[in-house]
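The structures come next, written out as structure tokens.
Both of the next two complexes hold chain A, though its partner changes from chain B to chain C.
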Partner chain A sequence: MSYLDVIDTLQSVADGVLFGATYSLLGIGFTLVFGVMHKINLSYAAASIGAAYASLIVLSVVKAPAIFIFLLAGLAGGIIGFMIYVVCFRFIPQANPLATLMSTVGALLLIDEIIVHATVGIPVPYPALFSDVIVNAGPFTLRGDLMFMFALGCLSMLLLLVLLYRTKLGIATRAVAQQPVAAQLCGISIPRINGLTFVITGVVGGIAGAMIGAAIGVLSPLLSLPLTTKGLIVTVIGGLGSIPGAIIAGLLVGGFENLFQYFRGVTERDLYVMLLLFGFLVFRPGGIFSPAAGRD
Partner chain B sequence: MLELKGLSKHFGGVRAVDGLDLRVPRGEVFGLIGPNGSGKSTVVNLVCGLFPVTAGEVLLRDEDITGLASHVRVARGVTRTFQNIRLFGQLSVWQNLWVAQNSTEHRSEGFLRRWLGGPGRAREEIDRILEFSDLSGKRDELAGNLAFGEQRRLELARAVVAKPALLLLDEPAAGMNAEEIDQLDARIRKLKQDGLTTLLIEHHMELVMAVTDRIAVLNFGQKIAEGTPDEVQTNPLVQQAYLGVAEAA
Partner chain C sequence: MDFYLGLAQIVGVHTLLGLSAYCVLLTGQVSLAQAGFFAIGAYVAAMLTVLAGWHIVPAIAAASFVAGATACAVSFPALRVKGLMLVVATLAFGEAVRLFFFNFDYQVAKGEVKIGPAGGEGFRQIRFFPENGWSTLDVLIFIWLFVALVMAGLWWMDRSRAGAVLRAVGEDEVAAQSAGINVTAVKVAAMTVGGFIAGLGGGIFAHYTAHIEHAQFGVALATFAIAYPILGGLSSVFGTLIAVVFVQGFLIEGLRFLGDWRNLLFGGLILLAMNVRPRGLIDAATIAAVKRMRTSNKEPGNARTQGAE
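Moving on to the complex of A and B:
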């Protein structure tokens, strides 16, 4: 392997890790809902893409700087998240684990269909920020748009961690996750915390959706299924219910994916991501951080 | 303070609680005893709203709370401890108490201040409860890492930090040694001095007889006796059903 090959390999891993921030955000969304409700929201990635579309629509009506698109996507994501909670969870018996799983599959298909019909299935361009900025660091080049995305992803995660670990709302959310019966007897309304969890994860997902749109430069309904798979893989590798796990696993999957895209091409890349998941399932089925005993 | 009227709870064909009438006067420590499976814990679960009732009413300060969700009852002043400890194991002792501070006076603060603000004046109250529970030195430890006796004390602390009007204690002395039971006795008396009404379910008879003002005895979901500790102890029906003395003698 020549010097240039090594540089190129490292370069592609670095790009992948930067893009992996979006996977981290999606993984956080899946894992947070799972941690609080012990339910999987399969419509999450589709809703995130839907929120990115919604932000485009709003931005086309209101003239605002492109940077607001992330804010708008987060806002739209929060609203869509709450709608998904009301439709797919609030009135569906929680005792049957398959009921909510199927209702979220329904929401996934519904969101996809709405997008396909509204755009006639044609991908739409998404504004990329700082795509003209290229930073040269020695032999490496760092893409401005990816770095901005990574920074935004880190900021979102930091804010989320502060919310969850420093505010009473976050502590109440974690209390519900750990001990729902006792939480409601401490005066915490469980439906309200569940609804808020969907709003919060929706905001995170909306930002992730906008980041993905900005990084790729287009939005397409074809994104939602692969992203659902990636989000779930990240969640499992990180450890179901673990937020630090989702963050690390997202970056890991991003880097890994680009590494194998570099060596084996885009057609084979997801095969290796699946192999990574397989390795984890066999050798470390609890994920990177298997959460300590949560609810009993 | 608390009144139960014809309270019933059936699980399938089992009548766990069957037409129970009970009055717990304000400011008293009221004992509820009975053999295993007599329906005591079910009564607590009905009063705090964990299960819906099959029939009957639960009145708090003469207001019907039968249909309210349990977190709303907390806001009305009903809190409880659990027989099998249910702490938030991954939160610190301090956070366990902070998150339970949801009394009416805190509700008036407004959503953003209450949920996104810092602890504010809650801090002093929590410090006082920590001292009361002899947990001041453990405030930053995870609740899951505490010793058993400390976890029991935190259960009680978490139930009283919201300044309830009615406290439901579901076998608070289970698994405690004699010294810990003495401390629990002192804490229940101290809370009574502060005006708290307590419904105590307990198997440890010495504690029940020492600390309660009145006692009701349940058997097969029905009340078979009620009175002062002395009256209940000498009641032949109670001895027969609960203590089994009459048959043994």
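Moving on to the complex of A and C:
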């Protein structure tokens, strides 16, 4: 392996890690909903893409600087998240995990089809920020848009952690996640917290959707199923319900997949991501940060 | 007429797929790997008839055994985890199988053309039915023979001790374990039977579509596989059949006149169905009602006392 190969390898890993910030955000969304409700929200990635589309629609009506697109996407994501909570979870018995699994699949298909219907099936270009900035660090080049995305992802994760660990709402959310009955006895309304969790994860997802759109350059409903798969893989590798785990696992999966894309080509790339997951399931089934034993 | 025969073929194959997920769901496990087993069955059966020149019956039998063996092998590591972890593990397995066939290139020169699975282009030359002069109706009868066989087998199993054991594990694992049931063995057995049925469905699917490629066996198909039994309800095998007819016959073909709007309605109706009937279209209450109706028809005197209660 020559010097240039090493440089190229490191370069592709670095690009992957930067893009992995979006996987981290998606993983956080899955993990938070699972932590609080012990339910899977399969429509989450589709809702994130939907929020990115919604931000485009708003931006085409109102003239605003391109940076607002991320705020708008977060806002739209929050609204969509709440709607998903109402149609998929609120009125379905909590004791029946299969029913909510299926209803979120219905929501996934519905969101995808609304997008296809509204765009006549044509992918929509998405504005990238700082795409003309390229930073040269020694032999490496770092793309400005990816760096901006990474910074934005880190900022949103930081805000989320502050929200969860430094505010009253965060304490209530974590209380419901740990012991729903005790939380209810303390006067916390569980439906309210569940709904708010969906709003929070929706905002995070909306930002992730906008970041994905900005990094790839186009938005398409075809993105939602692969992103669902990646988000779930990140959730499991990071450890269910663990936010730091989801962050690290997202960056890990991003770097890992770009590394194998460099070595083995785009068709085999995801095969190795699955192998990474199986490796974790066999040797560390609880994920990077497995929760204390006795809870699932 | 051919359209309806074709539709009945699709319903038959999807019923097999749904029943394969039904077996696994009875034990309370959600497996998104059924599309993977389906793909294995499809590729193995097609390769046996096209490349090895087998008859279709031994070919799909062999394909079912391969898919069942794979399911058995996969279930040992996969069943160490449960809940969401299992969903993701099986989803990843299904995707890994799909990606394997995406990269799987095994072509043999026969005459001047090369035949066999060709990676991303798929496997084209599956012509067992036309070569042997089977009409659409013959194929239809062939498919439904297997569907009837599998449904009868599962229906009988449901009424036997094995069905009770499966449901016990599905309802409450800890209680089942303390009643002396080997939970892992039950789950592995259910996965194996599910994989076997999925492989059977896949083998038939490959032969009536005549062209298979990796994209047909994606996450969407895996989701459909678990959607049928969940929508139909886990109380009876007929729930799965009714859900397949509902989805394939009504939602996909019946609403075709709506054009573009049909797809929008599709997800919406699944949402509505889950909100209105969270335990499936045919739940335990429906079955009890049907049974009551049957007994009251036989014994009118009995019905009056029941009505008075």
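Heads up, the rule we're going with is that the second predicted complex is superposed on the first by the 292 of 296 C-alpha atoms of A that agree within 3 Å, B and C clash if a C-alpha of one lies under 4 Å from a C-alpha of the other, contacts with A are read in each partner's own complex, and residues count from 1 in each chain.
Quick note on the criterion: a residue touches a chain if its C-beta (ideal position, glycine included) is under 8 Å from a C-beta of that chain, and two chains touch if they have at least 3 such contacts.
These numbers come from a predicted model, not from an experiment.
After superposition on chain A, the partners chain B and chain C are accommodated together without colliding. In the overlay built on the shared chain, the residue A:178 is in contact with chain B alone; chain C does not reach it.
Of the two partner chains, chain C is the only one that A:235 touches; chain B does not reach it. Judged by the touch definition given at the top, the superposed model places A:168 against chain B, while chain C stays out of reach. Of the two partner chains, chain C is the only one that A:105 touches; chain B does not reach it.
In the superposition on chain A, A:137 contacts neither chain B nor chain C.
Computed from Cα centres after superposition, the angle at chain A between chain B and chain C reads 90 degrees (steps of 10).
Touched residues of chain A, counted separately for chain B and chain C, are more numerous for C. When the two structures are aligned on the shared chain, A:267 is found in touch with chain C, with no touch to chain B. By the touch criterion defined above, A:88 reaches chain C but does not reach chain B.
In the composite built from the two structures, the nearest CA pair linking chain B and chain C is 16 Å apart. Across the complex, chain A meets chain B through its residues 167-169, 171-172, 174-175, 178-179, 181-190, 292-294. Interface residues of chain B facing chain A in the complex, by the touch rule stated above, are 48, 50, 69-71, 74-75, 79-80, 82, 86-91, 95-96, 98-100, 102-103, 114-117, 119, 144, 158, 162. Touching chain A in their complex are the following residues of chain C: 25, 30, 77-78, 80-85, 87-89, 91-93, 95-96, 99-100, 102-103, 120, 218-220, 223, 226-227, 230-231, 234, 260-261, 263-264, 266-271, 273-275, 278-279.
Listed in rising order, the residues of chain A touching chain C in the complex are 34, 38, 40, 87-88, 91-93, 96-103, 105-114, 116-117, 225, 228-229, 232-233, 235-236, 240, 267-268, 270-271, 274-275, 277-278, 281-282, 285, 296.
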